[in-house]
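Report on one structure; see the data block that follows.
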Amino acid sequence: MEIIYLIAFGLLSISMLLIFIRLLIGPTLPDRVVALELLATVVVAMAGTYAIFTDRSSFIDVAIVGALTAFLAAIGFARFLERGGPRDD
Amino acid sequence: MMKPGTLILHAAARFLVPLQLLFSVFLLLRGHNEPGGGFIAGLVAAGAFTLYLFTFGAAVTRDLMRVDPRNLIGVGLFIGMISVFPAVLQGEPFLTAQWWPVMLPGGTEIKLSTPLIFDIGVYLTVFGSVMLMMIALTEAEER
Amino acid sequence: MTGFMWNLLLAITWVVLTGDVGGINILFGLLVGYAVLGIMQRQMPSLRGYTRRLPRLLRFLAFFAKELVVANLTVAFDIITPVWHMKPGVIAMPLEAKTELEITMVANIISLTPGTLSLDVSDDRRVLFIHAMFLDNEQELRDSLQDMERRVLEILR
Amino acid sequence: MIDTIVNWIIALFMLTSGIFTLVAAIGILRLPDLLTRMHASTKAGALGVALMMIAVMLHFGDLVVMAKALAVIMFILITAPVAAHAIGRAGYFVGVPIWVNTVKDELFNRYDADTHRLRSGLETEEELEAMKTATKDKPRIRVTTKK
Amino acid sequence: MQLAVLVIYLAALFTPWLFVRHQHRTAYLMALVPAALTVWFAMHIPEVAAGATLVQEFQWVPGLDISFTMVLDGLSLMFALLICGIGTFVVLYAGAYLKGNAAQNRFLVVLLAFMGSMLGLVLADNLITLFVFWELTSITSYLLIGFNHQSAEARKAALQGLIVTVAGGLALLAGFAMLGMMAGSFSIQEILSSSSAINQHHLYSAMLICVLLGAFTKSAQFPFHFWLPNAMAAPTPVSAYLHSATMVKAGIYLLARLQPELGGTQLWIVVLTTFGAVTMLTGAFMAIRSTDLKKLLAYSTVMALGTLTLLLGIGTELAMLAFAAYLLAHSLYKGALFMLAGIVDHEAGSRDVTELGGLRKNLPLTALLVGVAALSLAGIPPLFGFVAKELLLESMLDGAFHSFIYVLVMVASIFVVTVASVIALRPFFGAFKAPKEREKIHEPPVAMLVGPVILVILSLFAGLMPALAGGWITQPASNAVAGFTVEGYLALWHGLNLPLLLSAISIAAGLVLFKYWDAARSKMKVLDPIVARGPERGYFWFMDAIVWVAEWQTRKLQNGSMRNYMRTIVLVFVGLTGYTLLTRYQLHWNWDVSLYFHEFIAVGILVAAGGAACLTHSRLGSVAAMGAVGFSVALIFILFSAPDLGITQILIETLTVILLVLVLFRLPSFSNISTTRERIRDAAVALLAGVLITFLIMITIDVQLFEPISGYMIENSYPLAHGRNIVNVILVDYRALDTLGEIFVLALAAMGVYAMIKFNPETSPGANHYAGTLILPKKELNEKDIVHSLEEIHQKMLEEQNIVTAGSDNDSDDEADEDPYTTDRDEQNGDDQESDNREPRS
Amino acid sequence: MEPIMAIAVGLMYAAAIYMMLRRSIVKLVIGLMLLSNAANLLIFTSAGMTRGAPPLIPEGSTIPDGIVADPLPQALILTAIVIAFGVLAFAVVLIHRAYNILRTDNLDQMKDTDT
Amino acid sequence: MSFEVGLPIVVPLLTGALCVMFWRYNAIQRALSLVGSLAILAASIWLLVSVLNEGHVVMHMGNWVAPFGITLVADMLSAIMVVLTGMMAVAIAIYSLASASPSHERFGYYPLMHLLLAGVCGSFLTGDIFNLYVWFEVMLVASFALLILGGERAQMEGAVKYVTLNLVSSAIFLSAIGLLYGLVGTLNMADIAVKLGSAENPGLIDVIAVMFLIAFGIKAAAFPLFFWLPASYHTGPVAVSALFAGLLTKVGVYALFRVFTLIFNQAPEFTHELLLWVAAGTMLTGVLGAAAQFEFRRILSFHIVSQIGYMILGLALFTPLALIGGVFYIMHHIIVKTNLFLISGITHRLLGTYDLKKLGGMYKARPFLSVLFLIPALSLAGIPPLSGFFAKFIIIRAGVEASAWVVTFIALLVGLLTLYSMIKIWAEVFWKKLPKGVDDTALTAGKTSGSLVVLYIPVVLLGACTLFIGLHGQPIYEFAEYSAQQLLNPQGYIDAVLGGGQ
């Protein structure tokens, strides 16, 4: 069974890496923000995986908080753009 | 007055904020046994109101909160301080945890304790502090 | 909403009466409350149609899950294949939904459906602007979106 | 026996979740413009989490955990599109480049550069007039900043 | 005796209060205090003359061996009498001299305080107590010299006197510390009576030099003599009191006091005789170059101080006799002369002898008194000055010294006769000459004359009855200085001997020199450059050097550049820690690199995001990268069993990003001003620090010295603290105090943020002035640096980026985007790699 | 794991310090953020890292089953995170205000109180 | 139960919390502030008495025995520091009545001040290294907020440096704690001392010691880490900078004293030698920095640096007498430096500037103020019989007895240069004629206004303390001696905390 978990972890990790690359290359701010948002989502999935992996349900709480809060950053960025912040920045 | 959010955001915020607040209280109350606690709960609550802030603006959020964040901080700190003293009555050092089991009608026992009071103080302070900063910053920006 | 509140209230009463706060018991309380409301709703205007929503909701969820997976696969296919099959574009969709909540629900559901993404609602709330990935057959897309909206509204109204 | 089957189902969910997440990641990396990338991130991402949470539900089988996992799914399903809407809209309006092969843009002409109002295109003449003269509702996007 | 000192201080304290009612008459009232004390001390003369030593013990800080014990022996008695006696006259004199001056009360306060300090100095038994009074005399004298504080000249002179004497005082303190350590006590009596061979101690030389530095600076010995003439900026009573009779003799007093224990060594003899003789000559030489009455007197005082030092250096019994006699004689005539010079200045309006002449008609009494005192100064019988001078010459001839010193003494004696003549004759004889009109010049009030009259009478009296003066006053003093009963006596007539001859020669030569004084002075102008290169230049050089070094250091160290501060601190950290690590620890560790792929990715993203946050040119890109850092940290926390931390990290990260986004809205974008070299240097510094940290962590994880205490926490979390989340239990119970502090930190930060945003000079005008905040003028900005709006910021950023990317083929999306909201989207030029062949949309 | 983390943390420190040596106050703040994260990770790493054993006591027992991660550093880090957040918020707004008043984000132009 | 050891922390925390609660009502805040500061003083004196009776006063917070919980410990040094904090609290509270504007009060002046005091007291009393970090931060953030209160340009410029460099210090401190915990697995300082005492690897301990030295060195403004202090201390409201001047850097010094006597005492030939050079550099650079300045508070700020050098010198020499000197110096300096800043505030009130070139005429117009200035100024320069003299004398004597000639020479030289600076202020502000064009209406106003009287009260009180210590130094000396004795024998501290048996 462990191999499955590790494959799942591997898939999520590679996802993180790819998302991170998008975060780096942008090119515009919204692109980065979308990447960041997705990164947070993957962290939530990671927490879930880890909960299964270690058989500890406590990690689900992390997932809940992640799911509930992480999008706020995106809203913040969106607000920045809406108020006239430069998109290239 | 600039209209801060969009329709979709408005609706989402109205829906999400109560959920987040509820969740924050949940985190607060069971923090002693599971991940959570006053600090985390306070941050979640602050996150909720920050969403509201971004969606509806500072004035509306202030109105929603009713209490000035500084009062929240003051009360939070004061509650935090309250938990310092009950032990003195027992001749025990400051901050010694005191537990008062309370029997609810229906046979359930709830344990009131100074750590819980303390956690509530933490919750209010954290909540108040973050909101004080966020609202002030937003107001400065809205000017 | 009122209906759900009543349901919750009944469940809580059930829990208090039985004196057992366990999760199973709460669930059972909810079920009992739901059943009771099913009987009562004919006499109370504010509760009218409450119990009908549950089956609708379940049906919608099934539909939505199917859409989610199937359409996701389409998108996924396009993503992982080297050549782009997509024909993206922004379309304006006239809205049936009226209230803020309805519009938001519709918009969100559409966003969650692969291939479509709600961008914004016009100021007069009549039109939802949607970014779609596959505009090969625009009318078909519009139809399915309208179908989706109808289903959502069915639950909400 | 049942345990094994459940385990395999869990494994299936986990792997699917991973794959969908990966698809989202590839999508966000490969897709040509912001809006299409957001398709990948919103759906595949949400689906990835949802599937993982279903795996969690199955794995723990505990009611509380199931409720929590359900909450995660619900929250993701609510917040992901909202965030996508916020970013997509803002990105579009500040002029983030759009893919050249985009075939249609009905939003394009509905957006008034002067008043920054978003018209539906279904307004009557009077409504349009009223919109132009209504000064108290300022645009949602700031045109200029304070000097 | 403690009471005596205290009474004077109390008198000082009450003066302002009395002054309100009695004005300048307060001085006459106050003169009663030293007068009474003079009487009181005089009553002890017989006792002390009989060889008794009065001791009054009193503890002060016993822990430090500092006592307030006071001792009255021959030496202190002589000084006490001089201090109180001359003090009485000076206070009286000051009452009249400064009549009508608004600051007279302050003057009296400080003068009395000085008197108390001086008295304390000579009575103290404890070295440290002595030092306390020593410094007090420096400070009070500073205040007195700077009496005319609105004149920059006076301030400068006062500062000079203070710096020189305090510098010496600090050396003295070190000397005392050493002496106390060597003798095992700070009590002078114990030191003098102890059997410890202090002059054999290996620190003796160092200690002696320190003590001598103190004494020499205070007593204006060469090369520190320059401050004394400059101190003549002080009002005359001050000069009369401090700079002739008392304070400048404090150093002499100290040397005399310690002579029995410290004296007699080769070092002592050589240093004291050499510096004494040189000082003597310097004083005499400088005196005849001067035309200002007070300068003349001041330099002759320098000469006298040199003489006294010389005598202490000689150290024979005869020298001790001469020492005490000379000291007394000098105090008597010099005190009188200063006061008289003040009268001349006061009445005639000048104290420059070249501007004065023929005043004897208007100031007959003054002229007479000056004449008599000058006789004493010149050492002419039957005045006490003669007695002292005879003894001086005798003890000179008695000792076996280099002939150089004889010559010096003779030259000085000749010059001093000239000086005396100048003082006595030039202002009073010849044609009338004075800045003031003749009719307005008349004898001063009695209060100003009392002192000179009595002092001159005493000079005469002591000269006529040297045995009496010797037996009662100077011989007990000599005994105290010598440390044993000195054989010998004071007499006016020692018979025809070599000293008498020398005396006669010097008088004759001095008179001859006086005749050609004006010519000689102009001839001596040739020497001015040499004089100008005197030790005073050293003082100025030192003061300039301080300011120069200070400014240089400030330019180098405290140069206002935060980055320099930062870099210094980091380098210190790296240097010190690295040095310690390399020199004091053997580097060794075991690698344990078992890790999962996903962990590696998490860490990799962490590092990459951190790097990206550094290297990106976009502010918000940097913020987004920080978000990624935060999420990877959260992931690491999750992967390593810290769910609470994971949750907190996610929440905090989100809020931080929001905060940054809110704030960055108003801030300009990054600009690349640093040169590549700068960046490489900073990167090197940063990397060094990073490597160091890595090493430290590696060592720490390799070395686990003890079991952590958290085992107890884990075991008792549920049974005792009723919590299942141990981290939370630690936070709210085990370490609740930390958490208590932490919420206060957060609250404080919030209050600070709130205040920053809402409270500024515009919102609350005047508030900052009221609170005493530093208010700088509005900053002048270069027009090109002023940024008015976001568009400009944006524009500027783009321009800068164009500059940065100019020449590179990396065509990114930073085109000059005049209006980002344009509806005419198609006009936007290609800005994506993917958007090369844009098609029209419908 | 720890050695890798040690290197990562070292790099974080380096990045933080590098940022704090820039002229721009915004970069300074980014540096501060990195620094506080790095310090937290340092504590986390040097106290030893444990996989999959959160310091929680399961229902029904009074001590955790098996070895759990050291809860104390976690509590310390939690405190440190909060403190760092407060401080950082302050710093961020400070540069905001400083910029508003001085109209420059160049640290080298902030010398008027200090030369 | 020894509540007195907790009260000096709890009282200002409570005052602060209450002040925040009543943020709308300035009058209530003022009253709370006054009562609160008096209460700190009372509690601290209670503590001092207890320490004199019992040697060490210990309280295990939350009733968790050491080393598992956080233990508050007061030895003589802590008690002295806390008493001084109480005194400063009262002085500043009074001064603030007439120097804090209503705006300042509305924006948290009083709670910030009391929480700063809480942080200071907490730092002095805690026996836990991480808890020390927490109190440091409380103190630091409170000081940040106080420093910028008013939003002047100078404040912002100063604060950027103050905040950044202090945060660097905190980061180093935190890192050192992390490493230390990794090594010994405990946070209680007495426990750390026991464990390090029995550890085999002193070299590594020295590395940690050096990190602590740097972290606390920054807080204490030691050479070459002091830059933040002269850049910022003179910018804030004057009562605030007075409080900072007296207390904040002393917390760093206290921490150095604490850890380098209790924990890192294994290799004094290395660590304390290092401290010696730090001390020498601090004394010298500080005093030279001042010589180039012409701003009242800036001169004083640089002198804080130089005086810190003396205190560190006391620790570095590490002999009983030297430690006595160090402690004595701390006591003296807190009072004197606070007082000097307060006086600078009065002259500012009278003439509206801190620039020496624009000040003047004070001696003529305000003779009483002149005397009040001379007392602390001369004391700072080490002129007898004021408190500073004994402080300096003990240090110098200790230096001589330890044959540390170079530093002793520097200490003496610095004494001279300190006098030079003080005299510069005296000559410029008091003696010099008032320069033309300076508004002197407040200066020449015949009657002393009520608010000015309030400003004088703490100055007089502190001046009296300086005089008292100078004239009757024995009790203070005994306090210092007692604390030095305890510092040199950490076993007593360890036994008191760990219960002796462990």
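So that you can tell them apart, the chains are marked A, B, C, D, E, F and G in the order they are listed, and the count of residues begins at 1 in each.
Quick note on the criterion: contacts are C-beta pairs under 8 Å (C-beta built on N, C-alpha and C of every residue); 3 or more make two chains touch, one makes a residue touch a chain.
Only a predicted model underlies this, so the values are computations on that prediction, with no experimental measurement involved.
*Asks:* Comparing centres built from CA atoms, which chain ends up most distant from chain C?
*Replies:* E
*Asks:* Comparing the two chain pairs, does B-F have more C-beta contacts than F-G, or is it the other way round?
*Replies:* Between the chain pairs F-G and B-F, F-G carries more contacts.
*Asks:* Go ahead and note the Å separation of the Cα centroids belonging to chain B and chain E.
*Replies:* 57
*Asks:* With chain centres taken as the means of their Cα atoms, state the distance from chain A to chain B in Å.
*Replies:* 26
*Asks:* Measuring centre to centre with CA averages, how many angstrom lie between chain C and chain G?
*Replies:* The computed centroid separation for chain C versus chain G comes out at 65 Å.
*Asks:* Measure off the straight-line distance from the CA centroid of chain C to the CA centroid of chain E, and report it in whole Å.
*Replies:* Spacing between the chain centres: roughly 83 Å.
*Asks:* Please output the residue numbers of chain G that touch at least 2 other chains, ranges allowed.
*Replies:* Counting only residues that touch two or more other chains, chain G contributes 13, 16, 20, 61-62, 130, 134, 137, 141, 144-145, 148, 151, 153-154, 160-161, 164, 168, 175, 179, 181-182, 187, 230-231, 234-235.
*Asks:* Can you pull out the residues of chain C that are in contact with at least two other chains?
*Replies:* Touching at least two other chains: 89, 107-108, 118, 120-121, 125.
*Asks:* Which positions in chain F touch two or more other chains at once?
*Replies:* Only 20, 25, 28, 38, 42, 46-48, 51-54, 56, 72, 76, 78-79, 82-83, 86-87, 89-90, 93-95, 97, 101-102, 107, 110-114 qualify.
*Asks:* What does chain E use to touch chain F in their complex?
*Replies:* By the definition above, chain E touches chain F via 554, 558-563, 566-567, 570, 589, 591-595, 599-600, 603, 606-607, 610-611, 613-614, 619, 622-623, 626, 629-630, 633, 636-637, 639-645, 648-649, 652, 655-656, 659-660, 663-664, 666-668, 670-671, 673-674, 682-683, 685-687, 689-698, 700-701, 704, 708-710, 713-715, 717-719, 724-727, 730-731, 734-735, 738-739, 742-743, 745-746, 748-750, 752-753, 756-757, 760, 774, 776, 779, 781, 785-787.
*Asks:* Where on chain E does chain G make contact in their complex?
*Replies:* 59-64, 66, 103, 106, 128, 131-132, 135-136, 138-139, 142, 146, 149-150, 152, 155, 159, 162-163, 166-167, 170-171, 173-174, 177-178, 180-181, 546-547, 549-551, 553-554, 557-558, 560, 562, 564-566, 568-570, 572-573, 576-577, 580-581, 584-586, 693, 696-697, 699-701, 703-710, 712-713, 733-738, 740-742, 744-745, 747-749, 751-752, 754-756, 758-761, 763-764, 766-776, 778-779
*Asks:* So in the complex, which bits of chain D are touching chain C?
*Replies:* Its residues touching chain C are 20, 23, 26-27, 30-33, 35-36, 38-40, 42-44, 46-47, 63-64, 67, 77-78, 80-82, 84-85, 88-89, 92, 99, 101-108, 110, 117-123, 127, 131.
*Asks:* So in the complex, the part of chain G that touches chain F is made up of which residues?
*Replies:* 130, 133-134, 137, 140-141, 144-145, 148, 151, 153-154, 156-161, 163-164, 167-168, 170-171, 174-175, 177-179, 181-182, 187, 230-232, 234-235
*Asks:* Help me check something: in the complex, which residues belonging to chain A touch chain D?
*Replies:* 1, 4-5, 7-8, 10-12, 14-19, 21-22, 28, 30-31, 33-35, 37-38, 41-42, 44-45, 48-49, 51-52, 55, 57, 60-61, 63-64, 67-68, 70-71, 74-75, 77-79, 81-84, 87
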